[in-house]
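Each structure below is given as structure tokens.
Here come two complexes built around chain A, the first alongside chain B, the second alongside chain C.
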Partner chain A sequence: MPTPFALFGLPATFALDLKVLERAQRELGKTIHPDTASDPSERRALAEQSTLANEGYRALRDPVTRAELLFQLAGVATGDGHEPKPTAAFLMDMLEKREALAEARTSKDRATVEALAAEIRAQRNDAEAALAALFSGVLPSPLDAQPALVHLGSLRYYRRFLEEATATLDEWDDA
Partner chain B sequence: MMLLDIFDPKAKPRPIGIDLGTTNSLVAYVRDGRPETIADCDGSALVPSIVHYARNGAVIVGDRAKRLAEAHPQETLVSVKRFLGRGADDPETRRLGPYAFLPREAEGPDVVRFSVHGKAITPVEASAEILRNLKELAEEELHSVGGVVITVPAYFDDGQRQATKDAAKLAGLRVLRLVNEPTAAALAYGLDAKRDGLFAVYDLGGGTFDVTVLVLDDGVFQVKSTGGDSALGGDDMDRLLADELATVFGLTEEVRKKPAVVRVLLDLARATKHRLTDAEAVTVPNPFVDAPASAATVTRERFDVLVKPLLERTGKACRRAVRDAGVEVGELDGVILVGGSTRVPYVRSYVEALFGQAPLGDIDPDQVVALGAALQAHQLEGEGEKEEILLLDVLPLSLGIEVGGGVVDKILPRNTTIPTASKSVYTTQEDGQTGFVLHVVQGEREIASDCRSLATFTLAGIPPMAAGMARLEVTFRVDVDGLLTVEAREQTTGKEQHVDVKPSYGLDDEAVERMLLDALDHGEADLRLRRLLENRVEAGRLAKATQKAIVVDADLLEAGEKEGIEAALAALLASTAGDDASKIKFRMDELDAATKGFAAARMNRAIATAIAGKDVGSIEATVEAALGIEEAHARHGAR
Partner chain C sequence: MAYSDKVIEHAENPRNVGTLNKDDDSVGTGLVGAPACGDVMRLQIKVGENGVIEDAKFKTFGCGSAIASSSLATEWIKGKSIDEAEAIKNSDIVAELNLPPVKIHCSVLAEDAIKSAIADYRAKQAAKKAVTEGAK
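Right after this comes the complex of A and B.
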């Protein structure tokens, strides 16, 4: 089975332009969407392919799952128990920021939520840039994957944080 | 010639597209490569979605039914789409309307049932009458009807889609596909003008509101996000205006409730709304005797004030859909207006202000959806050129299952391109647990009881194992028609269950149209509650694992270590009784610290024991059991 990267004709790297990915999805859809066939068994086969392609599209869109895919290709296990634990300093920093976010949410302090989100977004961008660099050449071997795994771990925290911050801002926008 | 055509037994079946609307319905087909609607003998393509049940058993649909509505308000069903796929206690049944409803049956599905001449009529049956009427209209024109594409609001949930399909089946139609209304509209626009780019479709009909953001690129229609409210439309404007008229006329509460009065008020309101499209003010003579005022004057300004809250609800959904699409309003190449309610001048100016550009309206907003449906039917029946058009649509509402503490674990997020599938792995919470109950829900809220319940099923017969040992793999699959199937498999035993999800209408009577808005309204409370519930579940798991470990491996405890762990345990359990999520987390961290040395000692023992036994399977199992505490600790940090 081809990897999602191969499926969309994209190089197996972390740096990815989402607009390019979207265009690739449209192009692929033209050839594998079940509506392009009329024979029932052919339609079923295409439906299966489209399902895989759409799963792949979703995985590539999210930087966390995209990194996980690259690690998988490199033969590096990810997830609980396989990734280095975040440093105490990192955890403390995240804990403090989350507390600050919770406080800002309670006190309806929009400026602080935006500032916190911007700060985390910058940190996330740094982690993504670092991952892009680490994944740009040859995929890391299981032995030298530790630095990249640390960034992946950080990305998970940033993603969760930004989800909460965005949900809060959305809600205030709508009020 | 005409006669010969009609009786030609070899007439080739032609695909048709049907817009089954709240207020009006239409049927269209493709003729010489262009879509067109089919008009009735009066030359009108709009068939009022109204069904009259005569005392003698005759069923009358459309304009003739409309004329009977005033005299027979309870036997004439108007806007039946608002009740389709909803439970007997749906809030829609309590809104202003002339109908009599029957209570929910003890047996049988939980659906709305109108009481007509003492008989039960369901929305599916009434919708089928409308579809049958459209089918006959098409047969008069085309002699033989083939497959049909029926449009549904993008925001319809599984239950409402299934009900639409059931109605088509009742009407004897072969459904090629249910297509989302905004997507169908975009299809008609895109193919008509050969426009490419990023578009928003604002679709405000009689009873439903949809907004869709999509990319048009060389015949491919790629939906990026969709949102809406399946109980918001022109009918709601009519209700507000009807209330206003009743007040100005000075009708008593008692008079206002009479079905015939309600019907007259709603019809007057609708007519007034239509006249306000061109007039600045409309004076409505009071048709009711015994009412103080002889007439009521409604200005457009007053009307705008009345409907403003409704438009603000559409604005919320639009802003969110744009955000979900990951684009800025300024990037949109065009805004397409769909639905009869977009004729209201205030709607147009509101949309223009919202999107910062004048909306497109060059195709009749009443017809555009049916035209798009006809194009898609034509394509699906293989009559169009291959690869000419392709719709890549999305799931409108997130799908998930209920996990510990009543929290929803989302398996497929909203706006996922269909067809799609996703897997998730779950484990047991209790020692010796031999079955899983899977509760499938749809919606955006974090708590399962606030989402629409689609199905509940059980995977039983799993041998008893320690908590956290079983591995249940759940697969959600949404096919190209948007229908969900669920598979569950226990990995260590291979036990399987496969379920086609037939929505359990109204198991949760919270209406789907409210779900998303509620999610927005309660977002903050949700997040707090979710964190609290998650922490409680996590703390419970951690406490249980720890309690078990200090008994099983008591000999590994250093002097004084046990007392430290027990104190931390007691503090943790006490914290779970409170409502403070961060306090629970703090106590978990404390317990984490207190068990650090003990956990390492257990791990060493597990590995040593396993190696001594030389049983690879049990090495893994034992190590995993010993990892219980570790994993639980790591888990509440990173997720």
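Right after this comes the complex of A and C.
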């Protein structure tokens, strides 16, 4: 089975232009749309390919899963028990920011939620830039796994934080 | 994924959420995280002169299982000696909460948090003792 990168004809690298990904997904989507087939078994096969393409697109669009995929291609295990523990300073910072976010949510302090989200977004962008540098070139290329895994762990914390902040803002917008 | 009733109960009504004064000599603070899911957990204990845990508080940002594991941990360690608390195993938490295999790391995090809080308390006591003895 081709990797999601190969599926969309993209190089296996972290720095990925999301617009290019979107275009590749649209192009692929046209050629494998189940409605283009008249034969039921062909239609089923195309439906399966469409599912794979959708899953691949989602995996590449999210920087966390994109990085996990690249580690997998590089033969580096990720996940529970395979990644370095975050430093105490990092955990303290994340805990304090999550507490501040929870307080701002309770007191309906939109400005604070937005400021915290902007701060985390900047940290996330830094981590993504660092990962792009570490995954420079197309795999298989030498990878300094430990620092890259630290950035991956940080990205998950940032993603969690931003999901929470976005959900809070959306909730207020809907109210 | 379906949570067990006990996880839901703890996640919806977590016990002992809060903060103890981390600068207090009798308070030990454990701060642990699971990078694979982006969870962060703080567990604090207040230890009496007799070595018994008088109070325990936690704050967890994570999934329901992580909240339930830390909530249960604080409930269990209150009234125990620090040696007894240290003997609590993540498998005890898994059994009590019926955690599925994919959530076992949440119980590991809670066990780590207890051990880390006790280690912090012991380090504080050792430092205090060193200062007291140095003053003699």
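Just a few scattered comments:
Note that in this section the second predicted complex is superposed on the first by the 169 of 175 C-alpha atoms of A that agree within 3 Å, B and C clash if a C-alpha of one lies under 4 Å from a C-alpha of the other, contacts with A are read in each partner's own complex, and residues count from 1 in each chain.
Here, a residue touches a chain if its C-beta (ideal position, glycine included) is under 8 Å from a C-beta of that chain, and two chains touch if they have at least 3 such contacts.
These figures come from a predicted structure and were not determined experimentally.
Applying the stated clash criterion after superposition on chain A shows that chain B and chain C collide. Of the two partner chains placed around the shared chain by superposition, chain B is the only one that A:47 touches, whereas chain C remains out of contact. Using the contact criterion defined above for the overlaid structures, shared-chain residue A:18 touches chain B, although it does not reach chain C.
In the superposed model, A:110 makes contact with neither chain B nor chain C. After overlaying the two complexes on the shared chain, residue contacts for A:85 are found with chain B and with chain C alike. By the touch criterion defined above, A:160 lies against chain B and chain C together after alignment on the C-alpha atoms of chain A. In the superposed pair of complexes, A:34 makes contact with chain B only, with no contact to chain C. By the touch criterion defined above, A:121 lies against neither chain B nor chain C after alignment on the C-alpha atoms of chain A. When both complexes are overlaid on chain A, the residue A:55 reaches chain B alone and has no touch with chain C. More residues of chain A lie in touch with B than with the remaining chain of the pair chain B and chain C. Within chain A, the residues touched by chain B in the first complex and by chain C in the second are 80-81, 83, 85-86, 91, 99, 153, 156-157, 160.
Those residues of chain B that touch chain A in the complex are listed here as 215, 217-220, 222, 316, 319-320, 323, 326, 379-380, 382, 386-387, 390-392, 416-422, 477, 479-480, 520-521, 523-524, 527, 582, 627, 630-631, 634-635, 637-639. Listing the residues of chain C that touch chain A in their complex gives 31-38, 40, 42, 59, 61, 105. Within the complex formed with chain C, the residues of chain A that make contact are 78-86, 88, 90-92, 94-95, 98-99, 149, 152-154, 156-157, 159-160.
Within the complex formed with chain B, the chain A residues making contact are 18, 22-23, 25-26, 29-30, 33-36, 38, 47, 50-51, 54-55, 57-58, 80-81, 83, 85-86, 91, 99, 102, 105, 153, 156-157, 160, 164, 167-168, 170-171, 173-174.
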